[in-house]
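Shared between the two complexes below is chain A, which has chain B as its partner in the first and chain C in the second.
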Partner chain A sequence: MNTLEKLEWATIIGATILLFGLAALALPVLDALDNPDYYGEPDYIVNVVASQWSWNFIYPDGSESGELKIKQGDIVRLELESKDVIHSFYVREMGFKVDIIPGRTRIHIILAETPGEYWIQCAEFCGAYHGGMRTKVIIEE
Partner chain B sequence: MGILSTFDRIVWGLTIVVTFIVLFIIGGGFMLSWYPDPIDARAAMIKQYYDLVYVAGMFVSALFVGTFFYLIFKFWDRSQPAGLE
Partner chain C sequence: MEIKEVKKEATAQKEHKNFYSSWKTILTTTHHTDIGVMYLVFSLFFFFMGGFASLLVRYGLTRGGSIAPEAYSSLFTIHGVSMIFLFVIPAWAGFGNYLVPKYIGAKDMYFPKLNALGFWLLPPAGFLIWAGMPNVGWTAYAPLSVYAAGWGMDMTILGLHLLGTSSIIGGLNFIVTIMKMRAPGVTYRNMPLMVWTQLTTSFLQVLATPVLAMVLTLLLLDRNLGTGFFNPALGGDPIMWQHLFWFYSHPAVYIMVLPGMGLISQILPSMSRQRIFGYSSIAVSTALIGFLGFGVWAHHMWTTGLSITARVPFMFVTMAIAIPSGVKVFNWVATLYGGKIKLSTPMLFSLSFILSFIIQGVEGVFLAAIPLDYQLQDTYYVVSHLHYVLFGVSAQAVFAGIYYYFPYMTGRKYNETLGQLHFALTTVGMYTLFTAMLFLGLAGAPRRYYQYLPEFFNLNVAASFGAILIAFGALVFLYNILSSWYRGPLVENQEDPWKLADYGLKEWPD
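== the complex of A and B ==
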């Protein structure tokens, strides 16, 4: 085997190892993103209703607010629905986006670990005021 | 010895390392990354994977771009007119 052949094989084997290695490491990440039971049994459910161009959060006691307020340590199951067009629920610090399709309920579970205020931004273009469709998730101590 | 001498291999390797460092700097590195600090364990795991993909992508890019630079400088025939004289 000459040098060029060695180089060729090294490239093929190296690229294959890299590809399959990254794919294997991606599996737990994909599970974390897609598994609605990732954090186990939720403490309560919050319904999230997206519409042009606002967010509405409905809590188990029937109260509503324009900001998502949760307590530190709570495991919250979000049930997300859209009234009109496709929206996307995006919290950068939590590392996920959930596309909300009209007529379907999307489920996502979150764990409020670090107190603070973080932006919730619609991440799917949904009309003229899409950029202004933002609110906050407030994690209280 | 093949096509490449030991010196050639050292220069090639250094070119890739320097390209990696340059890509790391112009990419902002980790400290200047746009991605914010994660606030829960799942987000930390996701960011860790993104960082890994970022470095792996940069390594592959450095390998290709560095090899490209190395080949240009090694085999560029400087005796030929460039057409700019």
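== the complex of A and C ==
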């Protein structure tokens, strides 16, 4: 076995150890992912209805709006549904994306930490005007 | 007597070379080299068609509002479908047909007529797809693809059925040819690596493509006969489309890159003037990638709400593919080590291929991590990643292969200066374009948008600039190939135009 061959085997074994090490580190964290109870009891529920090509937000008091308005410090439980095709709720500053599948209700919890306005962009191609399916989430102080 | 025989054979070969001189021979030939060249010409035609569609996409993105949203959807869909199904996959069938029988010392493929059928299914498929002008993205996610109005989607489905049939026929033919027709002395332990990748790819085609045929049929039924396989109101599920579609389309990624790796594994040793390093590691890693490739499809669906228990194994299998891929890179680089490197056009494309392969691999491992994917999925990051795979790896391997085998195929030399100009324009353009896309994705620009937030404008301009360079390079390539094919200088020895014999190497088995 020459030096290059030894180096190759060292690389393979090293990469395999790295992979299993990564798995050992990741498994406990991944368990928390998508767990709706992770932040405890939500303050209220907002129903999100996506359709070609608009967003509609329905609040607990029955009022509706085209932008998502929530207060700083709230723990908001989003219940997302689609009226027609698959859409995806994507807020890049919050680092998540939820595909909204027709026939299912998806759940996502928002922790409204920093006040401001953030873009909500549809992230699953949903027809010709997909690129116009944008609105904002507004976190008020 | 013997001399007469040889002369006769030589004339036969000479006549044979010009199969394209009459329509009759084009339509009736069953010889593997003819079919191979026909596949390559077909695939390059659709490379230019798909490339033209992508230029219109870039135009629409740079000059806001110049392309209507409806037309924009059709353009990016037809770009994707053309490049995947009408360019890359047929191009590998072309190289496979031309090279596999030569590399294993066989006279032809096992089923020559079936082979011709496999090719002749393609032109009607290309017509159906381009006449259909689908507008739902190449992934055709249900239920959008169920609701898409008009016949366009149905024509596309029928076109894809033809392509799938061709792919299965071709795959079966390669498997039988490689297993049954190897010349004495050509074994699994010494057959050229290109044959190994073609064998693995053929198994992927035969095992995965029927699933695509099935899911396309279900879509056709949903669209035309009112069944509800993907319609939740009738008890169906749109997610089932994604599972079945990606069960084919992820192995299809390996169908699109493995043969390219095979070509690179032939070109690198020839151009470094020494034997390949780690023959068996490359062969084993090819088979391993093909095998693991069946166990990763759900990584396209991290954001659809699959249970975390179901996702974790897919995530680690996906990451595990980085290991056999890394083995390949290691062996290619080790092949260069200490060689007398000849920086001809095919070698330059091969080196750029290795760089692209590393970049897409690093991007891919990040994408595989579920929490990161929540941010990156369906943004330009994915577009950058898949273009580094399909252009940086597959298309560059096609270019490398065409330049490398050009003297074998035509008996003429291509123009080296124009070849290197093509290389320079392509690589500068490509790394500009796909790196701009990478940063667009990191900034949170979703893909398939006909209009976007103003902050993404500058990167889009950079991307379009890169696309224009690639287009100029492609024109240089076209001119070079056509003019050299027609009147390029003849090579001295068509059996060994790269003078491998001087270094104790040889292209074909004895």
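Methods note: the second predicted complex is superposed on the first by the 124 of 141 C-alpha atoms of A that agree within 3 Å, B and C clash if a C-alpha of one lies under 4 Å from a C-alpha of the other, contacts with A are read in each partner's own complex, and residues count from 1 in each chain.
Quick note on the criterion: contacts are C-beta pairs under 8 Å (C-beta built on N, C-alpha and C of every residue); 3 or more make two chains touch, one makes a residue touch a chain.
Only a predicted model underlies this, so the values are computations on that prediction, with no experimental measurement involved.
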Quiz item: Between chain B and chain C, which makes contact with more of the residues in chain A?
Solution: C
Quiz prompt | First (chain B), second (chain C), both or neither touched by A:Y38 | solution = first
Practice problem: Using the touch definition from the top, say if A:K97 reaches chain B (first), chain C (second), both or neither. | Solution: second
Quiz item: Regarding the shared-chain residue A:T3, is it in contact with chain B (first), chain C (second), both, or neither?
Solution: first
Quiz item: Counting only touches as set out at the top, which of chain B and chain C does A:L111 meet: first, second, both, neither?
Solution: first
Quiz item: Is A:C126 touching the first partner chain B, the second partner chain C, both, or neither of them?
Solution: second
Practice problem: Once the structures are superposed on A, label A:L22 by its partner contacts, choosing first (chain B), second (chain C), both or neither. | Solution: both
Quiz prompt | Intersection of the chain A residues that touch chain B with those that touch chain C | solution = 4, 15, 22, 26, 33, 92, 95-96
Quiz item: Inside the complex, what are the residues of chain B that reach chain A?
Solution: 2-4, 35-43, 45-47, 49, 52-53, 56, 60
Self-check item: List of chain C residues in touch with chain A within their complex
Solution: 69-70, 72-73, 135-137, 141, 143-144, 147, 232-233, 237-239, 277-278, 281, 303-305, 308, 312, 316, 319-320, 322-323, 326-327, 330-331, 334, 337, 369-371, 374-375, 377-379, 443-444, 446-453
Self-check item: chain B-touching residues of chain A, taken from the complex the two chains share
Solution: 2-4, 15, 18, 22, 25-26, 28-29, 32-33, 38-39, 92-96, 110-114, 116, 118, 139
Exercise. Using the touch definition up top, name the residues of chain A that touch chain C in the complex.
Key: 4-5, 7-8, 11-12, 15-16, 19, 22-23, 26-27, 30-31, 33-34, 84-86, 88, 90, 92, 95-99, 101-104, 106, 119, 121-132, 134
